[in-house]
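Okay, got some structures for you below.
Look at the two complexes coming up: chain A is in both, with chain B in one and chain C in the other.
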Partner chain A sequence: MNPRIRFILQLSFTLLVCLFMIIPVAMSVMAGLTENYFVGLKSGLTLRWVNEVWQLYSDTIWLSIKLALACLVIATLIGVPAAYGLLRSRRRWANAIEELLLLPVAVPGLATALALLLAYGSYREFRGSWLFILIGHVLFTLPFMVRAVLSVMQTARLPLLEEAAASLGANFRQRFFAVVVPNCLSGILAGALMVFTLSIGEFNITWMLHTPLTKTLPVGLADSYASMRLEVGSAYTLIFLVMIVPLLVAIQWAGRLSSPRR
Partner chain B sequence: MSSSVNIILTQCSRTFSGGHTALQPLDLHINAGETLVLLGPSGCGKTTTLRIISGLESPDQGGRVQFGGQDVTTLPIEKRDVGMVFQNYALFPNMSVADNIAYGLKIRRLSRSEIEQRLAEVMRMVDLEGFGERRIEALSGGQKQRVALARAIAVRPKVLLFDEPLAALDAKLRDRLRLEIGQLLRKLGTTAVYVTHDQDEAMALGDRIAVMQAGRIAQLGTPQEIYHQPANTFVADFIGAVNRLVVTGKGADGQLTVPGGELTAPHLQEALSVYCRPEDIEVVALADAQVKGRVLQSIFLGQSQQLMVDTGGATPIQVKASSRQHWPTGAAIGLTLPPQALFHPELSHSKLATTSAKEQANG
Partner chain C sequence: MAVTSKQPLGAAYSATQAISQAPKRKNLIAIFALAPALAVFLAFWLLPFSRLILMGAEADRSSGISAYFTILTHQQYLISLVTTVTVSFTVSLVAVGIAGIAGFFLARHRFIGKSVLVAILTFPLAFPGVVVGFLVIMLGGRQGALAQLSLWLFDERWMFAYSLAGLFIGYLYFSIPRVITTVMAACENLDQSLEEAARSLGANSWQVTKDVIVPGIAPALLSTGAICFATSMGAFGTAFTLGTRLSILPLNIYGEFTNYANFAMAAALSVVLGLITWVALSLARKLAGSNVGAPV
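Take a look at the complex of A and B:
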């Protein structure tokens, strides 16, 4: 085929796919910024709905950020040592555990949430606090952290580097912080961004676990779609996008940072 | 530099969880300040021995490791005060050259000025001045191993350990670094244990060499002893090339009949076969030859040539000859095997070779 024609065909196909995916997002964003969606753009652009969402739902946004940060800290504190343990364990079950790590990702969030409710739902104080949701988020995101860190650890020749550090007199704690952590930092960073992003956007588990006082951003979003004007829900989406897109870009950047080395 | 220590291993064996015995019970005395080379093919237990000395592995129950009279058997590597150089460098990629070298000094909480001073000193020793701020990734293989060397000697360890440090480098570089390591070890006077499978490296660096085979020490001795008085056929084969000539009969006054001729070997009268190094065999005129044969193949090696000579035996004789003379295939050739060059490893009184080796060792 003529390379020029082929190029044009490829380009138009790519553009078509992009449009297919981007148009709904763009329409949603536009809906959040128009005065009256049913009248259309000629009704004029406004930040009124964004403002209204902020009035009604800012607490859900703050809660989501708080949750995501707490989730990030816990997933890092548990995930990095867990990945290290899996790396160093020569036992057969270490592989099995690595596979099992995918389970919380594969099991529907609703099922995870139901299990949590059955187990801990009767502790009223705990049930009503944001910490209950945090447990669900940590369960869901931890595998991503462990996997990201483990894959970098496996290529970093850590056992050899640790032996070298030990031969120079470094004890376990010194080795862990001077050699292990710095040499899998790119994995920790990638895992951390992933955990934060997943926690911010998590809906399934959160929807089951939330109370009217512990609504997160995605739960609030569902709520606004169900009970508010379309423009309010769309403005809400806009706020969500503004938060999440930079994170997604950062994940890409972290991934690039970790791959071509060594 | 600092006073060096001796190393004593007592009944150190190592059996892995699968039941595989990597090391049979081993007694080894390494003198203070000497460089002992552990030499052998892969899987002979040399690396396991080194790792037991370092503390990276423990001997089985009952084994003991002592440094200068102190029992260190239960001490982990970080408490043994050793310096170790690994085959794959094992440099910390998250640190600069200077930070790598200074790592052990920082762990030891030396003062800043002391660290600066030692850093400059060892970087000069290994010829890395001006490389301090470089990233590890930006170094060549030889430079990396220099950094590893500097890092190990910077802490002024009691014992220096080398785990095939030159195996990953190309031949030219290997020779140069071998020379430098040898000079460094002599200058430092630190007790050193050096693992390698390369006999040239072993010969060049070792005050003594322990040739290992299947988890045991096959022979322990000076390079001269190992080469000229191999304790068994394994050592004779592993260290350099060796010819084995089957004795088919005995003549009067110390003559041994071998395929292609007769040898004079009064010291080997009980031998059923005799051994001889290719470089000890002389090419002579046919009329003066002890053994006659035909050239099967000649391989030009530059400084010498390797001749394969068929004397009618089961295997051809290997001869290292001057590269000046051309030997076409099939040419008749005369050889002389001097009595002092003939030996048999398992016959302990092959004394002629012994004396010449001793003289060489002392001289």
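Take a look at the complex of A and C:
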């Protein structure tokens, strides 16, 4: 086959796949911005539905942001030391522990949530608070933080740098905060963005753990898809996209920041 | 440094030795650093999940025998298990096929607008399952793209969103970006000189693809396929948006728990599902080495 024809065939195929990915998103964005989706664009563009979503669901958006920030703080506080611990452990132990920490990602969120509910659901106050959801999010996002930080630690020649610092008389605390942390900042940044994005979008665990008073953004989305008109669901999705796309761009950027060292 | 070294090396007495000669202290630091993460994991995952495993052995509400045993003996559960596995497996195969071709094309050609295509194909990676479900409704629901098109062409309303076909399209939607990113990375790592060598020996492009490229990226393809399979098996959000009447595992679990308060069965099904996805993802990591896995 002529290479030119082959190029065109493959390009058309790839374009078809792109259409499949982008058409529903474009339709949803349009539906969220048109006055009446059934009539179509000629009914006019409007921000009415976005406004309505904001009135109905703004508390879910704030709760999601609060959860994601709290999750980020906890995942950093326990994930960065954990990555360091793995780096310092014997290989066999490190592999086993990493395997364990990965279980909440390997097992579907539904199962994790069910286990949490059956074990701790009877503690009423805890069950009803947003902290219950936070636990689920921390379990689910922690491995991503650990992995991101560990992979930078492994390439940063940390043992060598630490030895240098130690030979100059730095104690462990000084070494950790003056050598270890600054040298894996790019990993922490990449992990942090990942944790934040995953937490904002997490549904499978959250749906089981939420209560009417602790609804997050994706829970609100499911709610609006089931009970609101198409325009409202679309406008809500649009708000979600506006929140998530900058995060994705940032993740790409952070990935490029930390990859040249690899 | 509490270690007192007897080496008379003065300034050369170094931390290298202090660190390497103090394995106990090193272990201690590692244990302290790991303790918070492990404590959270033990208290909130391992302990609850162990209880879940035990709970699955308790008597099922309707049959009165152990829920694990009920899954094996009752057709309803076996059918849903087989359906879920079949749909997930087919989706993985199709996704690897489609995204393999597109990913290879994008990795090997440079043209204007390529970065836009790559962005379109990869950014849905972060969509939660519920959003993917809604996008399927935009395509194949009552007012979806297909319904509008078929109304206009044939005066009939065609829909597929609320069936297994809709589920299939949804799973395909979130699988394609995963495969594309993996395939593109694998192709970039592939040694191009092998292809050139094959070509200079007279292989045509089909032979190069079949004998050089596909074997070269086979581990990546298998690994990403296994990840797609595991993700599809547990994709609750998409299935939930498309309709709770479908008989697939995640919806069964949800139904047993919320509608029938049949905790033993919900636990048993969760454990079976968890086991399947865990095995698939372990396989994926064995093959690829570093990917954490894929959340939806």
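Methods note: the second predicted complex is superposed on the first by the 252 of 262 C-alpha atoms of A that agree within 3 Å, B and C clash if a C-alpha of one lies under 4 Å from a C-alpha of the other, contacts with A are read in each partner's own complex, and residues count from 1 in each chain.
The rule we apply is simple: contacts are C-beta pairs under 8 Å (C-beta built on N, C-alpha and C of every residue); 3 or more make two chains touch, one makes a residue touch a chain.
Remember, predicted model here, so these are calculated numbers, not experimental data.
Of the two partner chains, chain B is the only one touched by A:Val179; chain C is not.
When the two complexes are overlaid on their common chain A, residue A:Val39 makes contact with neither chain B nor chain C. By the touch criterion defined above, A:Phe7 reaches chain C but does not reach chain B. In the superposition on chain A, contact of A:Pro143 is made with chain C only, not with chain B. When the shared chain is aligned, chain B and chain C each come close enough to touch A:Ser167.
A simple residue count on chain A separates chain B from chain C, and the partner touching more is C.
Look at A:Leu69: by the touch rule set out above, it reaches neither chain B nor chain C. Of the residues of chain A, those at positions 163-167 touch chain B in one of the two structures and chain C in the other.
Of all the residues in chain C, the ones that touch chain A in their complex are 1, 14-16, 18-19, 26-27, 29-34, 36-38, 40-41, 44-49, 51-52, 55, 98-99, 101-102, 105-106, 109, 111, 117, 120-121, 123-131, 133-139, 143, 145, 173, 176-177, 205, 230, 233-234, 236-237, 240-241, 250, 253-254, 257, 263, 266-267, 270-271, 273-274, 277-278, 281-282, 290, 292-293, 295-296. If you check the complex, the residues on chain B that touch chain A are 54, 56, 76-79, 81-84, 86, 88, 90-94, 103-104, 107-108, 137, 148, 151-152, 155, 161. Of all the residues in chain A, the ones that touch chain C in their complex are 1, 3, 6-7, 10-11, 13-15, 17-18, 20-25, 27-28, 31, 37-38, 77-79, 81-82, 84-86, 88-89, 97, 100-112, 114-116, 118-120, 135, 138-140, 142-144, 146-147, 151, 159, 162-167, 172, 197-198, 201-204, 207-208, 218, 221-222, 225-226, 230, 233-234, 237, 240, 244-245, 247-248. Note for the complex: chain A touches chain B at residues 156-157, 160-161, 163-171, 174, 178-179, 182-183, 185, 261-262.
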